[in-house]
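Both complexes shown next keep subunit A, but they swap its partner, so subunit B is in the first and subunit C is in the second.
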Partner chain A sequence: MATLMAVAADAVIYASWLFIIAAGLTLVYGVMRILNMAHGSLYALGAYTAASLVGAWLRGGHAPLGSYAMLLLAALLVGIVAGPLIERGLLRFTYGKDEILLVLVTYALFLILEDAVKLVWGVESYFVTEPYGLLGNVELGPLSYPVYSGVLIGAAVVVGFALRFGLYQTKFGKLLTAVIYDRELAGTLGIDVRRMYLITFALGTTLAALAGALTAPTVSVVPGIGVEIIVLAFAVVVIGGLGSLPGAALGALIVGLVRSAAVHFLPQVELFSIYVVMALVLAFRPRGLFVFAEARKI
Partner chain B sequence: MKPGRRVLVLVCAVVVASIASGPFLPPWALFLITVSIAKGLVALGLLLLIRTGLVSFGQGLYFAIGGYAAGTAAQWLGVGDAVVMVAIGVLLSAVAAAALGILLARYRTIFFAMLSLAFSMILYGLLVKSSALGSTDGFNVAPSTVAGVKAGQFGYPVFLLTVGSAAFSCVLLDAYLRSHLGRLAPAVRDNELRVEYMGASVRNIVHLNLVIAAALAGLGGGLAALTVGHVDPEMAYWTTSGEFVFITILSGTASVLAPFLGALLLELLRSLAYEHAPNTWQLIMGGAMLLVILFLPSGLWSIFERRRRIA
Partner chain C sequence: MKLGSRSCPPPSPLGFAALFISTVVVAQAPPATPPPFKVGVVTFLSGAAAGPFGVPARNSAEVLVESLNAGKVPAPYAKAGLGGRPIQIVLIDEAGGTTKQVSEYRDLVTRQNVDAVIGYISSGDCLAIAPVVEELKKLTILFDCGTPRIFEDASPKYLFRTAAHAAMDNVAAALYVTEVKPNVKKIAGINQNYAWGQDSWNDFESAIKALRPNIQVTTSQMPKLLAGQYGAEVSALMAGSPDIIHSSFWGGDLDAFVLQAVPRGALKKSTALFTAGETATHKLAGQIPDGTIIGARGPHGVYAPDNELNRWFRPTYQDRYGLPPNYPAYHMAQALLGLKSAYEKAQGGGPSPSQEQILAAFEGISFETPSGPIRLAIGKGHQAIEPTVYAQTKTVGGKLTFVNRKEYPAEKVNPPEGAKSVDWIKSSLQAAK
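On to the complex of A and B.
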């Protein structure tokens, strides 16, 4: 019983973390049809920025509680600076090209960002454990969990509902839906598609950076932390269906559950169990669980 | 001269030049060229896939199968000859692709890329956890003979084997691309429906090309394992596959010789960058890739082609 509870709790924590990453990836794909291979690097960028900001905040002798604000600020900063820079400086030249070509472009971007991070922050590792340790642990029956995991879950829930609200209940969301269905027609109706793309990409970047920033206190921030993330995020969004928000949530839960079950019962298969699930879902529902077949276009 | 004949002449010239210059090259150059050719072979397979309209981010799967098969054959089956080791790797890669192809041949564009990536990551996960195969460290591979001749480390024999098999693959693939069946590959890329109307099976063409590409990747993996003298799970990691995609995009798909030139350029640049600016290596790679995609969409090889058309 205790093991089952531990599995469930780990699954939810891991799934929350995955959802924040995957939501950004699926949003960018859904609107812009770009499968962003540099998403993991943006995650890394968020983690490094958070490490620097929190470090500076604490060295400045400010109240430790403010370090949570620094985590958020790091995510916003990356979203506002790196997002538009990449979209305006690179991606806009590639719109209208093949989806697979865009994958190659973002792969090149991934290579560039990986080294850019190393050039800015060096190759040593950063530790900012204060936001993690500050909250202490909570007893859940026989198990003890860091309260910080609750912050992660809370963040995922907030992100999920905020996106849901933004996409389905606001004017911006409705305009965005129009752009998703037909970019050109939306343009003729007076919707500023360029601006929509810019905002979407900045938002996707912010989400990637947020996941990175929230992870920074729990790990040592080292070069290469984004490399594995992108494959995990792919697995999540592909399982749920590319471009689907509920799909990303479901995918995150499935991957979270599979991984935490694997960790507890069969640690040898932890790494590849996720990819097995991804391959199985793709084999039987090629477009993911949440996307339905569409008519073939010649 | 007929284009097919030209490739044959070029390949022969390169082979003769390598055989003649091999003994006089310093070991590091010999090593660098051998590794480049091995990687070029994987990119050659990707060339065929890209001509079919598919980009695989999982060629590392077959690269690793080729390398591990060669290593396992030497370590546990007592196979000492490099030719047999590599042949086992090629065979296993082709068998793996024939099996996975049943599924993969149904997919296109990003779904194909993702599924092939997933398969290679499954192998990576398996290799990392298998202590018998050395987990994350991998294990050493050392052939005792190459086609009966005693093999030394970084030696001339392995170099000759690599050059020979690459030349053979080049000529064979070029002939295939010019054959009736081979010409269907770009047709599949352009319009699958019309290929079906013509009476050809798109799925069979894709499946066959997957197997050929995998066999080439397996060959490259086996030769790389012999040259480096070591295999590890990184061979199956997605960044390795990404590097092969990089080579193919950089060199272009116009000629079967292009991938080898691209691979050689990559390895040269890499060893230079490692010496002078180790943390800017990927930056240079990414920048070069962006420049090629945006300004030279047919790759570096198209520079030669353009000049010839004018002449």
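On to the complex of A and C.
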């Protein structure tokens, strides 16, 4: 029983972390049809910015609790600065082009950002461990979990509901849905598609950076931390269905559960367990669990 | 006028004088500086392994080559360069995977025409490079990677390793555990899922089972290299309540594991044993719980002996880079000093030796290093053995110190010539029990 509780707890924590990363990726694809290979670099950018801000905050002798605000500020900063910069400076020149070309463009961006990070922060590792242990632990059976893991779960729930509310309950969401369904038609109806793309990409960037910022206290922030992330995020969104938010949530939960169960019961298969699930889903539902057949446009 | 029909005018007396003077001047000029000995140095300059491994190794190469060229290294290395020949470094980033490294190696040898290559931290890269070294026939020294397979599964001619392989780390770790924790009953492992992690765990498990046949393994976790998130693994480790958690983690993975396991109390309930932990002790000093067992893959870093070379190397490095040298820095020093020793032995006071002569001199060589004497005693004279040290951490007045230090002689923790590590571990440790 204790083991099953541990499997469930570990799965939910891991799934929450994955969902925050994958939500931004799937949002950008859903609206803009861009499979953003640079998403992992934006995650890394969030982690480095968080490390710098939290470090500066604590060195300044401010209250340690304020370091959580610094994590959020880091995500917002990256989203507001890097998002529009990339969208206006690069991506807007590629709209309407083949999706494969966009993959190549964002891959090039990924390489540039990886080097830019090294240029700014060097290759040394950064530690900002304070937020991780600050809130203490909770006991779950024989195991102990940091309250910070609860913060991560809370953040994922807030992100999920905020996106759902924003997409389905607001005027902006309705306009965005129109753009998702038919960009040209939405444009002829007077919707400013360019603005929609700009906001969407900034939002996607903020989510990637938020995931990086929330991860920074649990790892040493080193060059290359975004590389593995993009592979995992792809697995999640492919399982759930590219462009689907509920799909990303379900995909993250499935990956979290499968990985956690593998670690506890069969650690030797952990490495490929996620990809077995991905292959099975693709074999039976090639477009993912949450993407349904749609009428062909003439 | 036909081409070639014009005859050369007879030289004037002035011309003769000029010719004579120039000949004399050339004959009496000091001999030209010999061409540099080009060494390709391959180490991680980017990626997760750069900070704790690659950059310290590069720093070590830079400071040593500059000092060697200036003749500032203490005896027996006081002669400048390699027997008077300056050393020139060509730096290559080890990041990017094995395919890229094979291409880089080919480029170093065939286009950049290096005289030797020193490199490779990743065991995966070492295994990929080994057959290419024999194909291209270029003297190559592996300075840090640990997988024992290189010289146990083949007999390369052009390849040498100037540091001991991972069997030493894990045999010594098993001996240390049974000595300082004689009542150990349950062990667990968390190692990266590639050559280094798998070999390390297999060697440790075999060694400790040979010493304590009834020991129970609660779990062996093998997460992907650079996984970064170890929440479920920490839970699985804690669930089994092992006495010892063995890990050969390094770099960012080691940091992340410590940062995630310590707040959950996992490394207090169980004693962590980090075979390559020395690299994390500089920046994570405040995080590592008391009693953690730390290895440095030999007598390096804080475990290095108080000899003349170390008294020179450690402060010289620290003055320049602000941090003391860690074990990859010592491993790089071993490779460069091994090359210098072999070169000068082959040279024997004469002209520049050929590669064949250096290879012959390198086989089975013994030489002094800041970590003490090194001997290429196994792998038909191509693989080094060295003593090693383990100790436990104890924070005193906010400073990380090491207690219960135990040193193991090279012959006790390295397999003898011709033996495979796995077979030797089982037979020798059972006999020594």
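Heads up, the rule we're going with is that the second predicted complex is superposed on the first by the 293 of 298 C-alpha atoms of A that agree within 3 Å, B and C clash if a C-alpha of one lies under 4 Å from a C-alpha of the other, contacts with A are read in each partner's own complex, and residues count from 1 in each chain.
Heads up, the rule we're going with is that contacts are C-beta pairs under 8 Å (C-beta built on N, C-alpha and C of every residue); 3 or more make two chains touch, one makes a residue touch a chain.
Model, not experiment: these values are computed from the prediction.
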- When the two structures are superposed on subunit A, do subunit B and subunit C clash or fit side by side? clash
- Who does A:146 touch here: subunit B (first), subunit C (second), both, or neither? second
- Item | First, second, both or neither for A:283, with subunit B first and subunit C second | first
- Query: Is A:227 touching the first partner subunit B, the second partner subunit C, both, or neither of them?
  - Reply: both
- Message: Quick one: is A:268 in contact with subunit B, with subunit C, with both, or with neither? Answer first, second, both or neither.
- Response: both
- Query: So, A:99: does it touch subunit B (first), subunit C (second), both, or neither?
  - Reply: first
- Identify the partner contact of A:108: answer first if only subunit B is touched, second if only subunit C is, both if each is, neither if none is. first
- Message: Contact-wise, after the overlay, does A:192 reach subunit B, subunit C, both or neither (first, second, both, neither)?
- Response: neither
- Once the shared chain is lined up, is A:124 touching subunit B (first), subunit C (second), both, or neither of them? second
- Message: On the A-aligned overlay, A:9 touches which partner chain: subunit B = first, subunit C = second, or both, or neither?
- Response: second
- Interface residues of subunit A shared between complexes with subunit B and subunit C: 114, 118, 123, 227, 268, 270-271
- Query: Where on subunit A does subunit B make contact in their complex?
  - Reply: 35, 90, 93-94, 98-101, 103-105, 107-116, 118-119, 123, 227, 231, 234-235, 238, 242, 268-273, 275-276, 278-279, 282-283, 286-287, 298
- Query: Along subunit C, where are the residues that touch subunit A in the complex?
  - Reply: 45-48, 50-52, 54-55, 95, 193, 219-224, 226-229, 231-233, 235-236, 238-239, 251-252, 255-256, 259-260, 263-265, 283-284, 287
- Query: Where on subunit B is subunit A touching in the complex?
  - Reply: 55, 57, 103, 106-107, 109-111, 113-115, 117-119, 121-126, 128-129, 191, 193, 238-239, 242, 245-246, 249, 279-283, 285-287, 289-290, 293-294
- Task: Name, in rising order, each residue of subunit A that touches subunit C in their complex.
- Result: 2-3, 6-7, 9-11, 13-14, 17, 114, 118, 123-125, 127, 129, 132-133, 137, 142-146, 149, 215, 217-220, 222-225, 227-228, 259-260, 263-264, 267-268, 270-271
